[in-house]
Amino acid sequence: MAAPAIPSPATDRRQGAGDRAAFAALLVLIVAAPFVLYPIFLMKVLCFGLFACAFNLLLGYGGLLSFGHAAFFGMASYVSAYAAKTWGLTPELAILAGTLTATVLGLVVGSLAIRRQGIYFAMITLALAQMVYFFCLQAPFTGGEDGIQAVPRGRLFGLIDLSDDRVLYALVAAIVLAGLIAIHRIVHSPFGQVMKAIRDNEPRALSLGYHPERFKLILFTLSATLAGLAGATKALVFQLASLTDVQWTMSGEVVLMALVGGVGTVLGPMAGAVVVVAMETYLAPLGSWVTVTQGVVFVVCVLAFRQGLAGMAGKIWRRLGRAG
Amino acid sequence: MADGTPPHHPAAEAPAPLLAVRDLHAWYGESHVLHGMDFEVRAGEVVTLLGRNGAGKTTTMKSIIGVLPQRRGSIMFEGRETIGLPSRRIARLGIGYCPEERGIFASLSVRENLMLPPVVKPGGLPVEDILALFPNLKERAASQGTKLSGGEQQMLAIGRILRTGANLLLLDEPTEGLAPVIIGEIGRTIAALKRRGFTIILVEQNFRFAATVADRHYVVEQGRIVDRIANADLEANIDKLHAYLGV
Amino acid sequence: EVAVKLGVLNDRSGVYADLSGEGSVIAAQMAVEDFKAAEKGIKVEIISADHQNKPDIGAGIARQWYDQDGVDAILDVPTSSVALAVSQVTKEKNKVFIDSGAGATDLTGKQCSPNTIHWTYDTYALAKGTGGAMVKRGGDTWFFITADYAFGKSLEDNTTAIVTAAGGKVLGSVKTPFPASDFSSFLLQAQSSGAKVIGLANAGGDTINAIKQASEFGITQAGQSLAGLLIFISDVHALGLQAAQGLVLTEAFYWDLNDGTREWSKRFAARSGGKMPTMVHAGVYSGVLHYLKAIDALKSKDPAQVIAKMKEMPTDDPLMGKGQVRADGRVIHDMYLFEVKKPAESKGEWDYYKLLATIPAAEAFKPMADGGCPLVK
Amino acid sequence: MEADTILRTDGLTKDFRGFRAVDGVGLTVRRGTVHALIGPNGAGKTTCFNLLTKFLPPSDGSITYKGRDITGMKPADVARLGLVRSFQISAVFGQMSVMENIRIALQRRRGHSYDFWRPQRLLEALDGEALALAESVGLAGFAATPAAQLSYGRKRALELATTLALDPEMLLLDEPMAGMGREDVERTTELIRSIARNRTILMVEHNLSVVATLSHRITVLARGKVLAEGDYATVSADPRVVEAYIGGGGHG
Amino acid sequence: MLTLFGIPLQALLGQLLLGLINGSFYATLSLGLAVIFGLLNIINFTHGAQYMMGAFAAWMLLAYAGIGFWPALILAPLAVGLVGMAIERLFIARLYQLDHLYGLLLTFGLALIIQGLFRNQYGISGLPYAIPPALTGAWNLGFMFLPVYRGFVVAASLVLCLSTWLIIEKTRLGATLRAATENPKLVEAFGINVPRLMTLTYGFGVALAAFAGVLAAPIYSVNPNMGGDTIIVVFAVVVIGGMGSILGSILTGFGLGVVEGLTKVFYPEAASTIIFVIMVLVLLLRPAGLFGRTA
């Protein structure tokens, strides 16, 4: 229906080198940042970064725009918070519980949604996410709009006390890095190749004997799982799970992050998350001007930087390559 | 238009060419595709552009109608310079364009597709004549445009510009994908249009077909006109032409 | 020489931005100026942020303020869910939280904290005021239109208790999605219940829409009365007297109560583009004033000491009058029952209320023993 | 069914909202032949292809492939049985290189398609075979070129190479020569001829000289029905075919 | 008394009527959205903000110029439509050939800006706007008390919806617009001024939203957020009706108003979720919505 304008993943080798360089830079940043910046802020950025990258796995590499990803993020965060607080599970088990919940939910939502395409796909995911939201609003265990508060951070494997922000930071950084590496691997796997082909020309893939729905469903579930991992981790960082995380505005926010960062790049959305979270955090004193500022950022991004931050970085990288 | 009336386009009698293309250059982004095309078409003529795949025939057509904005040089239509005009103004001067990829609109029915281009001058064919020409269209009039078979879409693309009264028709590979019987039909149509005073530029791969309808042929190679052959001389030049076209 | 940093954390862009928002910052600044803090050797800095009515955002900002920005006390925080989260963080970081905007009784009840003080009102006080008064005036059968979230439900529960205790009866209730814009269907249900009073257990835009539509459907003309369980003067301003007339409501403050309130409110209005203060603004002022008094008395800002001092000293200021900070953190002071004037009765732009009754501090709030606060067991 | 019949349809019918595009077509394709399906525009040829490859469900009739009833199958499963199609509008994976295009098809046969946890390097094992296929259609020099940048004729060649990578027993080609210049037409004709040596081909084509040179047997469709069938000489002499399809001034 | 599922039939009738009234807002709003989507391929997230601007324009006309409801019914949509046209020229015109996503994000950003600016200027609680004197009062229908104004709302939106539908589906204008969305270059090459057509269309869709805003002003709170809450539901209406189908969104608008109204009686908490339940069901059973064309 619409011209394919979502920037598509680059094919060439240079991209691989660029990715490696970006991963290395990210690693350095992750290690160095807590010496300069507020660790809780950084953890928030990391969690949202992973969320955005997971979302982008679906959009950038599957061409599927989900407008309901908050459901996986939020549901996982509720389950992990509940598991840690009420069942008293250790943090790693709580996160696992949250993540698996997102996997199952992803499988269910995915199997309904992937039957439709384009805007209809987006709308089904939105609608299903709204139902998840309604469930979270009504179900007693989520604590209504108060959310689940005062979630204990607990001891990792029952041993390491996570109440120190720096220790927790190390854990979060490890989880997020693992998530990003997983995404990178998925994109650059045999499965990723077929996915790329399906995105490029679905009828042709079908005529070659592939079942596009199966691939899409797997991708959807993987994306939901990773989004869940991000949400589950976030619940422990903030010791809170709330309706914000399952609301449709959160689904919108993650689209924004991916767009600002660069759709169709493995790490771009991470950069997008940095920008969006920083904006929310540091613009907060602006009060009611926050939304205006956010709006301006949206508009400018769409009009001037459609490739996102990663796109710009790529351009510069390529120019450097040409010069050097 | 009633038969027997003299050709309605005053330019038909004038000695000046209806369309004169001079030193036309065109670009897609950074790639320079036309390198100084020079040719002209007189009113009432049928002229073909022949050439291999990628020679620049379609690009020439797009430059004339103006859908390719990156162009330089001069294109005079009825004595007016059109190179700086947007395509809608060029079309309004009386040029009808039938694109290579047909450009049938999926969200419109066959009838709506047919009725879409606005009438720009008097003298177009009445709808009934067009439907008589392409009976398939009549039968499928209420279908969605792109549900037509490949060939039917081609008929629709040609049919819809006949209505508008444009006196210069740009037909880009009108016979592609058509059954031989329809190709014959199109040939007769072109001849009829010519008799009615239309001027036609035709891009063709199928030069045997071209030979049946055209007055003159221009050979395009790498964005330039490399030869012009009158139809009458075609037989004599057939070997040369084969060389050009790589047969 | 003590330097304190106050953080006004409230809704600056959402539905409660008018009743709290920038006005609360202005009120806090006025308190600092009126107290002449600088002359007394207390250096006060005020910062502010938007919690967007989301607990995670509110808690995040609170945490960062305490950890990074050296904030000593957080003020206002309308929206109970955010207030509960901020209370949690404040306790963990051992700072001071003086809430003005939120309604949850839990803040000083089951979830009370040694570091939290709840200043202006709560759902119990609202229920007591409006619910009690309506029954007294003969409105003994009720139907609730309740916003489907914790605040609405607690308002309904509290009012139900008061109404039944006073011999009234609740005929039914309907839970409305939050937020909602069309209440006509719910109003119709309320109407066909035949209850004498329709209790609106909601707030902000929901209440405004419900009242506007009730007047449109002629509910009040037909003899039923509306009880807005939480209505701020900003809501009445938005409704206009035509739609709002006759409403009975409970507030902790009204600008036109006495000379003290009038003088302060005029100054407030001058700084906020002509808008009169709500009780939330007044509560922020009152709270900051009391907090500064405690610091001045101690010449220290140590949270535990300051809170102890605040609980020890009686409260007294021109806006809320005399009162007291209870051991559970609840501030008690007089509450007022108002009726919204008819357009003809109003003499000026902000002349909206008629005072019906004053509810003495001792009766207005939930007794400490019933609150279930673990601190005072 | 005769032993050497690979595909057969009986009473195949397709209705579009009251319009019957294919009307009781019975078609028999023999193993190892090139079978052409021709007919006027709108006769139902592409629709037939869509029915055979399950891109459309038939309204009526049955399809038998290698003795198996495939009428109710899914498109991907039909492809897995070795019945593979090309499209009237060229179908390649535009953003992928020629090599990757072919590998996608090879991958389907070799497995690993669902392996999302393994590195892509695994696929390099297929490169040799992919290159050989590219070579066989004259694309050896373009292995790294993104498919979108190929000329029309080369896209067609790539599409064939990709299809061949599946090692299909039977190919359905829809107007493989449409829009090609003379050069490409000749190259592609050769290509199809070489492919046809050990496979069955069913093809739609309006270029009668191609049809005449390549096909062993021809079925003529008109208005959704079979009008005539036989070899080129028989069919082209049939007055009904001349009237409905070839016309007076047929261009061969 | 006759009852149905424990509810008196009379009360049920009243609820149905109320649903229909709400439905007329949905219909008018989703009509504008469907025009913009169906003809321009832009998912207009600013629609809610433009609805709000309509209501505010009516209020401003009254407060600053003393112009009442009736002229505002024409003037406000006109003014907001002009603003919409400026927005289209400046921003949206650059996005037509791109993926839907970009139009959605851009208009979402614009909505944030517009709502933020109004909030800064007028606060959040809203502003009073009275029902025009000619339309006060109510009819007693026996089973309920129907305010005259609500009756007017239904009538006005019905008239508007039907005339819009006729213009778009039954004239060549509509076909031209659809073609222009699909392939603007080619339509332009036929001699049609596509950019101007697009601008006018967007302006028209926006004016429809503003019209709904003026209708809403006397009964809903006139505040900067009034559209933000409705927009998602209106989207759902358009999708259920079939993206781009004008008639579909009109009928679905009214229909969903009724369904929502009934939900408010039987399971009020779910009243805002029911629409999404229906959306999922519809999309699973009918891929292109109730009245949509399959691509």
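For clarity, chains are labelled A, B, C, D and E in written order, and residue numbers in each chain start from 1.
Everything below uses one rule, namely that a contact is a pair of C-beta atoms (placed from the backbone, for glycine too) under 8 Å apart; a residue touches a chain by one contact, two chains touch by 3 or more.
Every value quoted in this text rests on a predicted model; they were computed, and no experiment measured them.
Common neighbours of chain D and chain E, listed by label, are A, B. Separating the centre of chain B from that of chain D, both taken as means of CA atoms, is a distance of 31 Å. Centre to centre, using the average C-alpha position, chain A and chain B are separated by 52 Å.
Centre-to-centre, using mean CA coordinates, chain B is 77 Å away from chain C. If each chain is reduced to the centroid of its CA atoms, chain A and chain C end up 38 Å from each other. Residue positions 116, 119, 269-270, 273, 295 of chain E each touch two or more of the other chains. Going by the touch rule set out above, the chain pairs that meet are A-C, A-D, A-E, B-D, B-E, C-E.
For chain E in complex with chain A, the touching residues are 41, 43, 91, 94-95, 97-102, 105-106, 108-117, 119-120, 232, 235-236, 239, 243, 269-270, 273, 276-277, 279-280, 283-284, 287-289, 295. Interface of chain B with chain D (complex): residues 52-54, 136, 140, 143, 147-152, 154-155, 173, 176-185, 187, 205-206, 208-209, 212, 245-247.
Residue ranges on chain D touching chain A, taken from their complex, read 53, 55, 74-77, 79-80, 84-87, 91-97, 100-101, 103-105, 107-108, 112-120, 122-123, 146, 162-163, 166. Against chain D, the residues of chain A that register as touching in their complex are 8-9, 11, 185-186, 188-194, 196-197, 200-201, 203-212, 214-215, 218, 222. Every residue of chain A that touches chain E in the complex is listed here, in rising order: 1-6, 65, 112, 115-116, 118-120, 123-124, 126-128, 130-131, 133-134, 138, 248, 252, 255-256, 259, 288-292, 294-299, 301-303, 306.
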